[in-house]
Every structure is written in structure tokens, then in C-alpha cells.
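Just below sit the structures, each encoded as C-alpha cells.
You will see chain A twice below: alongside chain B first, and alongside chain C after that.
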Partner chain A sequence: MAAEGGWVWMYGVADDDLETFADGAAGVGGAPPRTITAAGLTAIVGDVGDREYGEAALRRNLEDLDWLAQTARAHHAVLEAVAERGPVVPMRLATLFSSDAGVTGTLQERADDFREALSLVSARNEWGVKAYAVKPADPAGESGHEVAGREGPATGPGAAYLQRRRAQLTASKDVRREALASARTVYAELSGFAVSSRFYPPQAPDLAGQQTPMVLNAAYLVADERAGEFTAAMADLTARHRFVQLTLTGPWPAYSFVSEGDGPGPR
Partner chain B sequence: MTGPGYDPVIQGERIALVDLLDRVLAGGVVIVGDITLSIAEVDLVRVSLRALVTSISGLMEAMDDSQEYS
Partner chain C sequence: MTQGSLVPAESPGLSPGPISGPQPANLGDILERVLDKGIVIAGDIRVNLLDIELLTIKLRLVIASLDTASQVGINWWQADPWLSAEAANGSNSRELEEENRQLRSRVKALEARSRDGG
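For the complex of A and B:
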């Protein structure tokens, strides 16, 4: 039960045969995760203090990137530990109750939804696929000269500069167009191996640790038995598409496929 | 076959924070807990951490555009 003045942090929901869950990750705020069982379901929860996780503190702390990072990693670590034992439906970060009764009530009220979500994610995992636009490593300067040649000789340093600049812009537009076309192909081909897919907004270059713009940030729900085919397809697409650099992350718990109203990604 | 551009995250390797935040802030089941920050405030967090959410145009928008014209 939650300590006086504390809150119950809810990580996710699993089947009710998860009673043995006790070890593993430290949990959000350092408290070991525990379980609450109701309606044939098990909620994975942890006790957190009001000083750090109360409403006002939480609002403030969520603005603190270091705090947010630590909390997100702790939330994720617990869900991963649960996922090793069986299907788990993750809750969105910062789902908090004032007591166990609130969690029990939610399990009871939403039992059908949770069961449906559990069967959706059972024996399936999420994979992340990102594509960055890159200039293929071929003689890039050549195309610039061709364009300049077509437009006639430059009559001075200023005109030459403008022609060069125009050629550069054209080249970078082409790179982007090619990258988007590749991303579209990659997205569609990988969808063939997935149960469902979803787009995330592209991440800002600084944040993603890449200099090149991201043109695809997608998540796929893939049956475990097809994970090999999926990753093989990724490798094949990587070899075939020169205008995008592809990265694969996962397997993840199925975060992206349990939110209400998301539905399948665009087709 | 793996090329230089193929970069799977190996189990146990440190996951990029940005990929994790995509998922824990925009994924997961949303329920009304006793603190309902999980719905409204987290969206505000995404706005205030501008660096995290600076939207750049990508395939998603390009696809939206192409749907308009097709």
C-alpha cells in the first residue's frame, strides 16, 4: 500500500499469473515495483513520495530534463523486466493514484480494454525505424558543374557564385526528394511484415544526435516469429537505398500501439 | 547483411533518450489517474521542452501534402 502522503505509480498491466514478479529493476523513485491483482489482471505499481511526485512537484519535475530522463528510464526498465515474463500493456509516463484502491478500480472498470490490449501485444514487440536524408557518397561536385554548364558560362565571380549556389540548392532539394521517396518505400515495405504501424514526428537533428534531417520516424508492431524477417528486410533496404540512412531500435514493449484512438498508422 | 547505415540497438545498450521519450510521453495507455498530468500536462511538457519537439518536416508531412494533391 502507498505510504502516508505518497502516491502509487502505475507502470503497466499484465496477465494475472505475474505473481512472482519481485526482483529486477529498482523502479521509479527507487522503490521496488510490486503488483496489484484485480479482475484477472495484474497492475505493476510502485510507491513514490509526495515531495517528488505530488501534483505540483511533478509538474515542475517534468520540466527538468535530467529528472525526466531518469524517470523515463526507470519506468522503461520495469516494463522491460515485466515484458521478459509475458505480455505487458505500458501506461503513459506519470500515471499516478493516491491509493491502491484507485488502481484496483481502474483494473475493474477497464478490464475488457486491458485484456484486448494484452492480446494485441502478446507475442509481439515494437520496433522503431528512423530514416535520415543523406547525400550519397559519389562525386557530388560533378552535378554542380553540369548545371552550371547548361546555364552557360559565368560572366563574373558574382554570377559564378550564384550559379554554384543555385546548383547546390537544386542538389539538396533533389537529395531531400530522393530521401523522402526512399523513406516512403522503406515504410511501405516494412509494413508488410508488421501487424500495425505508427508515425512519430521526426526528431530535431540536434536531439537525435545526427547532423542530417530525419525523414521517417516510425514504429511497427511485429509478431516475434516475424522479427527475423523484419530485421532482414531492414538490412536489405539499407543496402538498396543510398539517399537514406536507416536505424533500427528495439524490441520495445508495445508503447506505441496501446494508446486509445491511435489506431493503425497511415497506410 | 549489415551495412554501415544499419544500426540496430543491441539489447542492453543504452537506449537513446529521445526514442524513449517519444514512446513514454506519446505512447502507453492513457487513463485518468488521481493525478491527471498524464494527459494534459505531459503535452505541456512537450511544448516547454522545445528542443525535444521542434517539428521538422518529414515523411509524415510529405505524405499529408501528397494526399492533398492526389
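For the complex of A and C:
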């Protein structure tokens, strides 16, 4: 039961045969996750204090990127742990109830939705695939110079510079086009191994920790029995496409495939 | 009963190969999922949902840099991937032609100047 003046943070919903949590690992706000069972479903919840997670505090804290990052990681860590034990339907961050009764009521009211979502994600996991355009190692510096010398009647240093620069620009646009073409191929080929797929917008280089532009940021819902094929296809695509660098994340709880109005899943 | 820690090891996954093994999730990966996705149900702090909508928009500006998108000429995840990409390629070639035209005239001007000088 939530302490006086506290809130119940809801992480997600699982089947009611989910094994209970045995240890005191930290959840959001440091409180160990616990479970509430109703309507044949188990909600994974945690108790959080009003001072940090009450309405006013939350509004303030959500604007604080450090707080948000820490909270998001804690929320995710719990869901990831649950997902290892069985299917789980993740709640969006900061789904809060004033008491256990509110959670129980929601499990009962939305039981059919939750069950439908659980069957969608059962024995499936989400995988994240990103592609970054690869900058070729100074493609035009050498060859561009030679071309300029052969081609033009102009031999002045200014003209040579401009022709070299033009070759560089052409090369970089070619690389960009090749990277986009590769991204489309990668996306399409991997879709063949997935139940469903979603696009995310490319991430800013700062956040992604990469210098080169991201040209693909996709999520796939993959049946566990095909996960091996999926990762093997990734390795194969990595070897075949030299204009993109591919990265794989996962397995994730199926965040990207349970939201409302976004394909199958609860309303 | 399983006794393990609630905090899992990084990307347990399948035996990662040297090339494409799962990478640790970055903050952007986590934020775009826990804020933008996941089931939305009306908890008891309802006003919070609106706050998160606004927050999500703000974060989009951080996570999805518009610079990055226009830099690589892509918007194809928004609509039909194939059609939009064609459009992007088309505009790239036009841009390139214009650039080439400007460079050619610049070359001419420089050649003329170097003849005059020499």
C-alpha cells in the first residue's frame, strides 16, 4: 500500500503467473518494485513519495533532464527485468495512482486491452536498428586532384582547387545517396524477419554519441524463435553495406508496439 | 523463484558477433521509448499526461535534430519511405546542378583573371 502522501508508480502489466520479485533492487525513487494482482493480471508497481512525484513536483522534475534520465533508466530497468521473466506491457513513464485501489480498478476495467497487448508481445521482443552514414576516408582529396589535372584546360591553382572542391561535394552527395539507399534496403530486408516495425526520427549526433548523421532509426518486433535469423541478417547486411554503419540494440520490452492508435494493441 | 538482481546485465541477447552485436542502449533510445511509447492510461495525476505531451515535443527537438534530418535530406520515415526518398534525391540533384553551375562560372572568372595577370 502506498504510504500516506505517496503515489503508486505503475511500470507495466504482466500475466498473473509472473514470479514475484525476491530482492530489494531499486526501482524509480529507490523503492523496490512490487506487484498487484487483479483480473488475472499482474501490475508491477512501486511506491514513490509526494515530494518528488506529486503533481507539482513532477511537473518541475520532468523539465530537469538529469532527473528525467535517471527516472527513465530506473523505469526501463524494472521493465527489462520483468521482460526477462515473461511478456510485459510497458506503461508510459509517470503513470501514477493515489492508491493500490486505482491500479486494481484499471486492471479490471482494461483487462481485455491488457490481455490483447500481452498476447501481441508474448514470446516476442523489440530490437532497435540504427544506421549511420559513413564518411569515406577523404575520397576526393587524392583522386579529385588527379581528375582535375587530367580534365580541365585550366591549370591555375584556383581552378584546380575549385575542381577538387567540386569533386569532394559530388562525392559527399554520392555517399549520402548511397547511405540512404542502404538504409532503405536494410529496413526492408530486416522487416522480413519481423512481426511488425516502426520508425523513430533520427537522433541528434550529440545524443547518439556519433559524429556522422543517423539515416535510420527503426524498431522491430521479432518473435524470439526468429531472433537468431534477425541478428544473422544484421551481420550480413553490415558486411554488404559499406556506406552505412549499423548498430543493434535489444532485446527491449516491446515499448514501440503497444501504444494507442499505433497499430495493434489496446485503444 | 528466481533470485537474481532486478537490474539486468547489459543486453543479454544472443551471442553477439564481432560486427553487429547488440550495443548498450543510449539515453535517446530509452527516452524515445518510455516517453513516446508504452500504453497510456489515465492515472490519478491526470494533468501530468499533458505535461508529458509537451515534454515529448521538447525532447523531440533534442532527440530528433532537424539539422540532422535536413542535412541528410531525409523525411522519408514520416510518409511513404520510397516516394519521399525519391523526392529527396531529386532535390539533391537540382542542388548539385546549381552548385556546379556556380562553380563553373567561378572557374571561368578565375581563369580570366589569371590570364590578365599573366
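In the analysis below, the second predicted complex is superposed on the first by the 235 of 267 C-alpha atoms of A that agree within 3 Å, B and C clash if a C-alpha of one lies under 4 Å from a C-alpha of the other, contacts with A are read in each partner's own complex, and residues count from 1 in each chain.
Please note the rule applied: a residue touches a chain if its C-beta (ideal position, glycine included) is under 8 Å from a C-beta of that chain, and two chains touch if they have at least 3 such contacts.
For clarity, every value in this text was computed on a predicted model and none was experimentally measured.
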* To do: Please tell me, clash or fit, for chain B and chain C sharing chain A in the overlay.
  => clash
* Once the structures are superposed on A, label A:V175 by its partner contacts, choosing first (chain B), second (chain C), both or neither. => neither
* Mind working out whether A:P33 is in touch with chain B, chain C, both or neither, as first, second, both or neither? => second
* To do: Look at A:Q245 in the shared chain and tell me whether it touches chain B only, chain C only, both, or neither; answer first, second, both or neither.
  => first
* Asked: After lining up the shared chain so the two structures overlap, which partner does A:Q163 touch, if you call chain B first and chain C second: first, second, both or neither?
  -> second
* To do: Could you say whether A:A72 touches chain B, chain C, both of them, or neither, answering first, second, both or neither?
  => both
* To do: With the two complexes superposed on chain A, say which partner A:V121 touches: chain B (first), chain C (second), both, or neither.
  => neither
* For A:E84, is the partner it touches chain B (first), chain C (second), both, or none of the two (neither)? -> second
* Kindly classify A:L221 by the partners it touches after superposition: chain B alone (first), chain C alone (second), both, or neither? => neither
* **Footprint overlap on chain A, where chain B in one structure and chain C in the other make contact** => 7, 10, 12-13, 54-55, 58-59, 62-63, 68-69, 72-73, 75-76, 89-98, 102, 106, 110, 113-114, 117, 128, 180, 184, 187, 199-209, 213-215, 217, 231, 234-235, 238-239, 246-250, 252, 255-260, 266
* Asked: How about chain C: which of its residues touch chain A in the complex?
  -> 1-8, 11-14, 17, 19-41, 43-45, 47-48, 51-52, 55, 60, 62-65, 67-69, 71-74, 76-77, 81-82, 85, 88-89, 92, 96, 99-100, 103, 106-107, 110-111, 114
* chain B partner contacts - residues on chain A that touch it in the complex -> 7, 10, 12-13, 54-55, 58-59, 62-63, 65, 68-69, 72-73, 75-76, 89-98, 102, 106, 110, 113-114, 117, 126, 128, 131, 134, 180, 183-184, 187, 199-209, 213-217, 219, 231, 234-236, 238-239, 244-250, 252, 255-260, 266
* State the interface residues of chain B toward chain A in the complex, per the touch definition above. => 1-3, 5-9, 15-31, 33-35, 37-39, 41-42, 45, 48-49, 51-60, 62-63
* Structure fact -> In their shared complex, chain C is touched by residues of chain A numbered 7, 10, 12-13, 19-23, 25-27, 32-33, 54-55, 58-59, 62-63, 68-69, 72-73, 75-78, 80-81, 84-85, 89-98, 102, 106, 110, 113-114, 117, 127-128, 133, 152, 154, 156, 158-159, 162-163, 165-166, 169-170, 173, 176-177, 179-180, 184, 187, 199-209, 213-215, 217, 227-228, 231, 234-235, 237-239, 246-252, 255-260, 262, 265-266
